[in-house]
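Handing you a structure now.
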């Protein structure tokens, strides 16, 4: 068997929609999905669920968690619990916006670079090189500071620093797909370049890009809260997790000010990472736990028979 | 018989830190209703020749004509309708089909290509039947088939375009031994029924023997011997052809070890024997 | 007397819903003989060979008995198994460019197990490696030890892989499709080498291959596998000339050798 | 591919000495990349809506037109942007990185202390992450699908999910303020004087200066920031090394090594890890960039006078020379890492070396 593609890439393609149901069945993905769902519900009902106005400075200051206020109050008498719930409405949609924009932008640029090739490819790839030469937080920080501190500018900075990774991945996928036999077969049958891209290439890019994006949601939340922590994102008095932690720095003995927003970020990011990792696992036959049946040890023959009961005799 | 393909003095080079000339002055012609087999061992340039003929590889020099008109390399642009009369079947059945598209739709693309040249073609269901699969499988996706079945589908898609020339690059080497000669015979039958010609690339001389009208043996980028299959098989002239034929083990139960060449690449294999070319 | 005796070997994959891929095969390997195991992909021939050396993944369940002399190999503890592997039973794989480590020199791969098993010092191990390379006809053995696999041709790589397998003088050699990845002229050379080594060293060989031509050329006895079972076995001559089982007949009839040319004589 | 090698054309210089050609090409692209990086940084900071004059002078002084005019004049802000860029480049060629608008000190001097401070943290963190990641990743791969693997998977994903700045605060609060087992912020206890500068890495300089007490104090100050910073990269490396090892475990050469009867430890050490070394090397390069990102946030908590702190101060003050300096340094670090990774490829893979 001298197949030109490795079994890995061969199996990975086209498995996306069968992979999603498989991924859901693993406990890790279930836990992730439940936590993520819980936070999404919180974000939706926060205005009604919050016991106090998250911005109102009307409670006694710096009271520890207790009967009066579930998670205590901050230095100006705001309710930490209400601010925590409201914070979910701020970070998650913006992180999603950031990831979706970066994915679309990166996919667009990556597929143009890979498909057109030549100097267009060269130029675009040097551009990604430039951006990727900077550590993401440092570049995002410079951009956010230049544009002026605001949450929206932090999102813009986040998009600028994160699209190149999608462009790189999509480009290399497109490049390898372009030489795949089925794409060439399409061209020999008279496909236009556009049709080739739309029907042969992009559908097969979708899976890996989706995995990348799902894993990137957590990173996006970390970046946005990090920039807010530095004072380059959400501005006071907004109820945002990163800036809540920043505010807690000057009242270090009031532990509840810092601990809870941090746990909020941790659980949300973890939930999306669990989901993303399970999805990657399901799409990648090698790193998966090899759920039953075909074992990784015998690539030569048996797995084909076990995995794929339709044999030659079946016709 | 009309000539469908004429390649003259074809050369293909690969640039790296060392430029490698994979095909070094190959000329061949294929007529309608004829199967030409190009045989040789790995790295001899037979696949590069096939890829250059169809336009996947830009030749370094030489001339390729399909029905008298030059074949431009497959670029970014859409291929002209006339050139969809050249089709190809690839070696690896797993990458030959789009995993995200129903096989019926992929065969239908072949039918569309035939229509674009004003020809009629059967429906995808009938094509599946023609290659020995259940017509009801048109709605399935490639992953629901075995490697051998996928190769049959790829053949159906190429033939649905009603080609005048089918280029087949090791189309059977990834299949189970027991179905190799059956698929090869089926390809010959269907191509000849359609009045087309076929360039059949293979490293397996025993399969070539039963299905090729003519055979060309390649060694290190050059054709060293060519002629009617039966003649080359029965009476090889070039030392390399002799070695190649002598090395084939036969399943006859006699326990005879095939002849092994004395060295890895004896000098005599490089000889040019004009008498060995275009025999018959 | 048989060197290796396989009795009622069964192999299944999966813990909860096991799929049986080998269901009760028995084979005997004798010194100086090549026992062929033929079959198409998915018939279970490769996993059977892997099971002998305990190379199957943890999800595999192996039943039955595999005896090497007086040692039972099924269920043997890893430490004891390692005393058998490479020392008494060795294996050659299909693709020599995959079975040799690309980042280690030939010398390292040829001597590390020799030193582990036979407790030789560096110099003796090196000398032994040179002798081995000479036996498998690799030119300039001393120089070859310093080189890496990619610097050799496919045929030489397989010769080196055979030398690695034979380095500790094993009694049994398992050869899994040893010529499938090679060109036919190179294959002929390897088959000659295999026969030569079997005769010289009185090796017992299990030759797994789908290629009936190869099987017919070198095997003394043949077993034909299908769906995890042996459907027919016997001396190579008998099985190839007077096949008893319908499946064997189908296999042989599908070979190009058995078929008439489809080309009609125009003249 | 075989066939003949054509050699009609006379071999060029770089064809005869491939290594020389490689280094020249490498230098060329490096210069281009550095030009690009400075340009990006320049354009970013010069074109944006923020007002550096106001940022530098403060609200009061910025309302005085004379002060503003003098300031603009002094820093050449009245010139066009391309002009200013060229002036900057000309100075750069003479090794002049300009003067910080905010502090009035030469940027080069400030970076000379900031960069080693960060490099010290990042180097320690990469060593810790790689050691832990190699161990955990290999263990996880060997126990694929079993409980150990699942636990390690959750642990490494947790590492990827913790907000670094929060963890830094929690660690500082717990180990310094509460338990008192860790030293406070900064690179040294205030009672110590920094060692004579040789490398700029305090630990190394203390050893070179023969001061063991200072060395241990510097090491103690490094501990918390390094551990906090490493958590994310440990998660990253563990996941990745697991995947790389799994891929290698499924190769014929590992089956062949096992079939030779080599002890398990030797199979892992000599065969598996060597086989996985190239992808691991690649991800270590990536991890270094991630670490540099993390330093910005961790340095802010531990009052560490490093590159991250410097970048932050320059950015919020829209201090153009400072930001440009950061961009340059970051570009150089990126190039050095990539170059090191490429060289190591050659060391680890004979196919690259001999090609």
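Labels A, B, C and D are assigned to the chains in the order they are written; within every chain, residues are numbered from 1.
By definition in this document, a residue touches a chain if its C-beta (ideal position, glycine included) is under 8 Å from a C-beta of that chain, and two chains touch if they have at least 3 such contacts.
Computed from a predicted structure; not experimentally measured.
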By mean Cα position, the chain sitting nearest the middle: A
Contact-richer chain pair [A-B vs C-D]: A-B
Chain A-chain B separation of Cα centroids, rounded to whole Å: 46
For chain C paired with chain D, centre-to-centre distance based on mean C-alpha positions, whole Å: 50
Separation of chain B from chain C, taking each centre as the mean of its C-alpha atoms, in whole Å: 32
Distance between chain centroids, defined by C-alpha means - chain A, chain D (Å): 23
Residues within chain C bordering two or more other chains: 41, 50, 55, 94
Multi-chain contact sites of chain A, meaning residues that touch two or more partners: 2, 290, 296-297, 304, 311
Of all residues in chain D, the ones touching two or more other chains: 255
Touching residues (chain side chain A, partner chain B) in the complex: 1-5, 10, 13-15, 115-117, 180-193, 199-200, 203-204, 304, 308, 310-312, 314-315
Residue ranges of chain C touching chain D (in the complex, touch as defined): 50, 53, 55, 78, 81-87, 90-91, 93-95, 98-104, 108, 112-113, 116-117, 148, 150-151, 161, 164
Residue ranges of chain B in contact with chain C within the complex: 41-42, 176-182, 185, 188-189, 203-207, 209-213, 229-230, 243-244, 246-261, 264
Chain A partner contacts - residues on chain D that touch it in the complex: 32-33, 36-37, 40-41, 44-45, 48-50, 144-145, 149-150, 153-154, 157-158, 160-167, 169-170, 173, 177, 239, 242-243, 246-247, 249-250, 255, 289-290, 292-294, 296-297, 300-301, 308, 311-312, 315-316, 318, 323, 326-327, 330-331, 334-335
Complex interface listing, chain A residues touching chain D: 8, 28, 126, 129-138, 141-149, 218, 222, 225-226, 229-232, 242, 245, 248-249, 252, 255, 258-259, 261-262, 265-266, 269-270, 273-274, 277, 284, 286-287, 289-291, 296-297, 299
